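Here it is: the structure, laid out below.
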Amino acid sequence: MTYRFDFSAVLAQWPLFMHGAWLTIKLSLLATLLGLVIGTLCAIGRGSRNPFIANACATYVEAIRNTPLLVQIFLVYFGLASIGLKVPAFVAALAAMVINVGAYTTEIMRAGIESIHRSQIEAAECLALSRVQVYWHVILRPAMERVYPALTSQFVLLMLATSITSQISAEELTAIANRVQSDTFRSFETYAVVAVFYVLLSLGMRGLFWAAGQALFTRRRKLGTPL
Amino acid sequence: MNVAFNANHLQFLLQGAGWTLLLSVIAFAGGGLVGFVVALCRISPIKALRWASLGYVQLVQGTPLLILMFLAYFGLSILGFSLPALVAAGISMTIYVSAYIGEIWRGCIQAVPRTQWEAAECLALSRVQRMALVVLPQALRIATPPTVGFMVQIVKNTSLASVVGFIELARAGQVVNNSLFEPFLVYMLVAGLYFLLCFPLSWWSRKLERRLVVAPRLEAAA
Amino acid sequence: MTAPVVRLDNVHKSFGALKVLDGVSFEVGKGEVTAIIGRSGSGKSTALRCIDRLEKIDQGRITVCGHQVSEPGLDLRQLRRDVGIVFQSYNLFPHLTAAENIALAPRHAKGRTRAEAKEITERVLAQVGLSDKAACYPEQLSGGQQQRVAIARSLAMEPQVMLFDEVTSALDPQLTGEVLKVMADLAAGGMTMVLVTHEMAFARNVADTTIYMHGGRVWEQGGREMFDRPQTAELQQFLGNGL
């Protein structure tokens, strides 16, 4: 093997990688928040008595979960362009990621919602709480606490999946890696360094979610037991 | 000059789908083998093995598959090999699958009730015999639904092999689109083909999961 | 004489082919304590649940606190503000403390301010003897304590009538006493109560009227003398078995 590893040229680009990591974080957090809202609404919709709404949500979830993210990104990017909407790659990337993670979040939230026993809802209704109040205080809050670990894993996977948006030239860490490796001709070293960045981002994101969970779920913080 | 979508294009896409299936099978077979070893190491009484396998899993699960693809691709060329893109794709998918499926299977092995381990131990079986004769057969049953569910992930993730030039379904779609300039039509078709590959597996996984919950209750009642 | 707080008029209800209530009629006046006893399947829990519109009846009329429960156009939330119900399995919200469980409905269903809700919470917790458990989560409390919190939670809504659906059936015998004491205190304080129970001694000593249900009908009705001199063979057998 005549190849000589040279990490120095790649490591010299670390400000660029930091910038890329920041862009990845931005994209991930935005997609996470929007995906959570969509996922929760769709999970509620899945249980709706209205067959049209229930089937629409189910179809959306199945369609997304059985097709690759790469193809979904192409469809959103080219789809928007074909109806005349020229959006920046970041927006197309965000839209595709939100649509994608929304479907997976729906399934997770659905499991959480269904884990709430009927008797809880009955007790809440007998306390004269409105439908919306019952949903928020008695169904969604404990459901979210219960499925929080699954949500955390899902959103870390989301962050890793943002790498795929490099294929439509969205600005994030992998896109920057592609540029650096073509400039320095040190392809393996570049991707090895970027891999480490991603591992650190995953750990950081898990830590962030754990801290948020401790802050949000008082009962969990105080008692340490699962709900 | 815009060509209309014709049977040749469809055939090209279907060939791509065939390569997708092949890569999926390679990934499952290779990843399953390595993943099995990883799962056993994760619960090994030897501390070094436990830590090494944990590190491996954390590393692979913390890296995007796309980056693994690039690493395998460029890594192979550094080592002096000039192999088809399928090899790089196969290696990176094997590593990717091994980490995830290893964790799934570890969870399933640990889901076998402690009482089963103890009963086997009290029958003077060695650790290997306990694993092979008592625990693993039961773990297999628990593992089937999530494994089938993960197969769906494998098929979808093969789409990333397109970035290292392997002509599977997603790449085939890109090639067809480059001659047709009808991205919406082409990618909807590609999505439809993926759906046809994935949906039966998803449906089967859900069916297995339902049976897994119901069957033990029926057995207990009998 | 003032109108009864709860009135059932010839109520019929079936679950599919199974007739559970077969012409049930009774009244509960203000400040009265009515106990409903009977075997499993006699329809007593169903009758109670119909009062708070947890089940819909097929035929007949139910009037509660001036609400026509059996008619369409009922303001369900207003009914639930006037009726408090305590369940066999307590149904406390596990992710909230005892105090938060109690304060939730007064704040959001009655629009009380945070200060008002706090004051109500402290009052009802004292009433059930659990002032020191305000910050505890349900899993940290015993069954008897959880049931008392559940009673406090319903009391916090200041209802006109309280319904109790076999509230001690799920408790260990030594925890039953503390719950029954709270209920006896409530009765002494003038609360209108309807309780489905297996506690014969409680029904005999605390209830003003006891209704014995059998086969979906009110089989016998009376005060404490009903326990001493049951008129029908079914009630004699029921009391004789000590069930």
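As written, the chain order gives the labels A, B and C, with residue 1 at the start of each chain.
Heads up, the rule we're going with is that contacts are C-beta pairs under 8 Å (C-beta built on N, C-alpha and C of every residue); 3 or more make two chains touch, one makes a residue touch a chain.
Predicted, not measured: the structure shown is a model, and the values here were computed from it.
S.K.: A-C versus A-B: which interface comes out with more C-beta contact pairs?
M.R.: A-B
S.K.: From the centre of subunit C, which chain's CA centre is farthest?
M.R.: Chain centre farthest from subunit C's centre: B.
S.K.: Most central chain by CA mean?
M.R.: Smallest offset from the overall C-alpha mean is found for A.
S.K.: Averaged over CA atoms, how far is the centre of subunit B from the centre of subunit C? Could you give it in whole Å?
M.R.: 55
S.K.: Report the inter-centroid distance (CA atoms only) between subunit A and subunit C in whole Å.
M.R.: Centre separation, subunit A to subunit C: 47 Å.
S.K.: List the centre-to-centre spacing of subunit A and subunit B in whole Å, with centres computed as mean CA coordinates.
M.R.: Going by mean C-alpha positions, subunit A sits 21 Å from subunit B.
S.K.: In their complex, what parts of subunit C are in touch with subunit A?
M.R.: 52, 54, 77-78, 80-81, 83-85, 87, 89, 91-97, 104-105, 108-110, 137, 139-140, 153-154, 157
S.K.: Using the touch definition from the top, list the residues of subunit A that touch subunit C in their complex.
M.R.: By the definition above, subunit A touches subunit C via 119-120, 122-130, 133, 137-138, 141-142, 145, 217, 219, 222-223, 225, 227.
S.K.: Along subunit A, where are the residues that touch subunit B in the complex?
M.R.: Residue list for subunit A touching subunit B: 1-3, 62-63, 65-72, 74-75, 78-79, 81-82, 160-161, 163-164, 166-167, 174, 177, 187-188, 191-192, 194-195, 198-199, 201-203.
S.K.: Given the complex with subunit A, which residues does subunit B contribute to the contact?
M.R.: Contacts found on subunit B: 58-59, 61-68, 70-71, 74-75, 78-80, 152, 156-157, 159-160, 162-163, 170, 173, 183-184, 187-188, 190-191, 194-195, 198-199, 202.
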